[in-house]
Amino acid sequence: MPYVNIKITRDGATAEQKATLIRGVTELLQVVLDKNPATTVVVIDEVDTDNWGIGGESVTERRKAGR
Amino acid sequence: MPYVNIKITRDGATAEQKATLIRGVTELLQVVLDKNPATTVVVIDEVDTDNWGIGGESVTERRKAGR
Amino acid sequence: MPYVNIKITRDGATAEQKATLIRGVTELLQVVLDKNPATTVVVIDEVDTDNWGIGGESVTERRKAGR
Amino acid sequence: MPYVNIKITRDGATAEQKATLIRGVTELLQVVLDKNPATTVVVIDEVDTDNWGIGGESVTERRKAGR
Amino acid sequence: MPYVNIKITRDGATAEQKATLIRGVTELLQVVLDKNPATTVVVIDEVDTDNWGIGGESVTERRKAGR
Amino acid sequence: MPYVNIKITRDGATAEQKATLIRGVTELLQVVLDKNPATTVVVIDEVDTDNWGIGGESVTERRKAGR
């Protein structure tokens, strides 16, 4: 019954990679906490680099500056 | 003053359907908990089926497999 | 398969009221968007009034001021 | 180490405005709570006006009605 | 730089189990998407069973009914 | 009309500090994006250090290790 939300920058993750994340995190919750995979929900949000900040800067700015 | 976030797969919900959800959940909070509708905020996120997982699979995979 | 998160201030909502919210929002999603209630997840967060702000003030401050 | 999520309606906020929000909220957390800006994460979600409700109506409806 | 939020019912997960979840999901994001573990943030929310609904019922109700 | 969620570790932030955060972020959204403070909602979540991970470790573990 867990709910997992994964937020990443929008950088071209493929459908296969996202399916691997979904499978992996669902298995992890089953192995560690015996959670039923049938009702484990995973939602992936891909966020534009203008809209993601770390260290007080957007990721767009950081990449331009080579950080 | 409540805040409600509704996440659904992106499957063509119309503006009218989404307005009906907003009205319905706002009324529900007023009826059940006497919450002021004027400051009830509802945000609907529509999520690509590649980015939504249940049962360890993405919804895209499940639909291909007829699940 | 929808996921709904309802945030309200912690003001003594009873288990029955919360169960009514869960049932109501699940039915709303079934009626409006034909979503399967069996996999509709609802999570209610009750938030201390010190930790909820509106109009630039915490709800604790607003209530003290009679707003 | 804080995580901040800012949700606004999609109304043409520029990359510069979003960078200003990211810088501002990161500084605020440093000044008020001495949080390390290097690990402060800010995610901005821009939401279509059909998908944002307040007062039981979508923002699209409210604007049409001049509210 | 990913941000992951895991919501589970409050059922006595230990500090060790939660640390295992944090390590596991951080590694998964490194392996699948080459994300830097140093800036991967994981937040676990434990939710009372009165506040978690599935199938239109709270988990408290479901357990009482043997579901 | 913005909605802001701030997550921090539970480390004794006072009601005054949280009120300062609420006021500050509400003003920031008014100054930068001309958002109406009257309907800006801010929710602060304080998270136990066992439940917050960064760098693949819980904050509890990091502090024990002097990181």
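Read from first to last, the chains carry the letters A, B, C, D, E and F; within each, the first residue is number 1.
Operating definition for what follows: contacts are C-beta pairs under 8 Å (C-beta built on N, C-alpha and C of every residue); 3 or more make two chains touch, one makes a residue touch a chain.
Since this is a predicted model, take the numbers as computed values, not measurements.
Taking the definition of touch as given, a chain qualifies here only if it contacts subunit C and subunit F alike; those chains are B, E. Within the contact network of the assembly, the step distance from subunit A to subunit E comes to 1.
Note on connectivity: the fewest steps through touching chains from subunit A to subunit D is 1.
Counting every residue number used by either copy at the subunit D-subunit F contact, over half are found in both chains. Put simply, the C-alpha centre of subunit A and that of subunit F have 21 angstrom between them. Between the Cα centres of subunit B and subunit F there is a gap of 25 Å. Under the contact definition stated at the top, the residues of subunit C that touch 2 or more other chains are 1, 3, 7, 21, 39, 41, 43, 45, 52, 54.
All chain pairs that touch, listed by label, are A-B, A-C, A-D, A-E, B-C, B-D, B-F, C-E, C-F, D-E, D-F, E-F.
Taken together, the subunit E residues at the contact with subunit C in this complex read 7, 45, 47, 50-58, 60-61.
Taken in their complex, subunit E has these residues touching subunit A: 1-9, 13, 17, 20-21, 24-25, 28-29, 32-33, 35, 39, 52, 54, 59.
Taken in their complex, subunit A has these residues touching subunit B: 15, 18-19, 21-23, 26-27, 37-46. Across the interface of their complex, subunit E is touched by residues 1, 3, 39, 41, 43 of subunit D.
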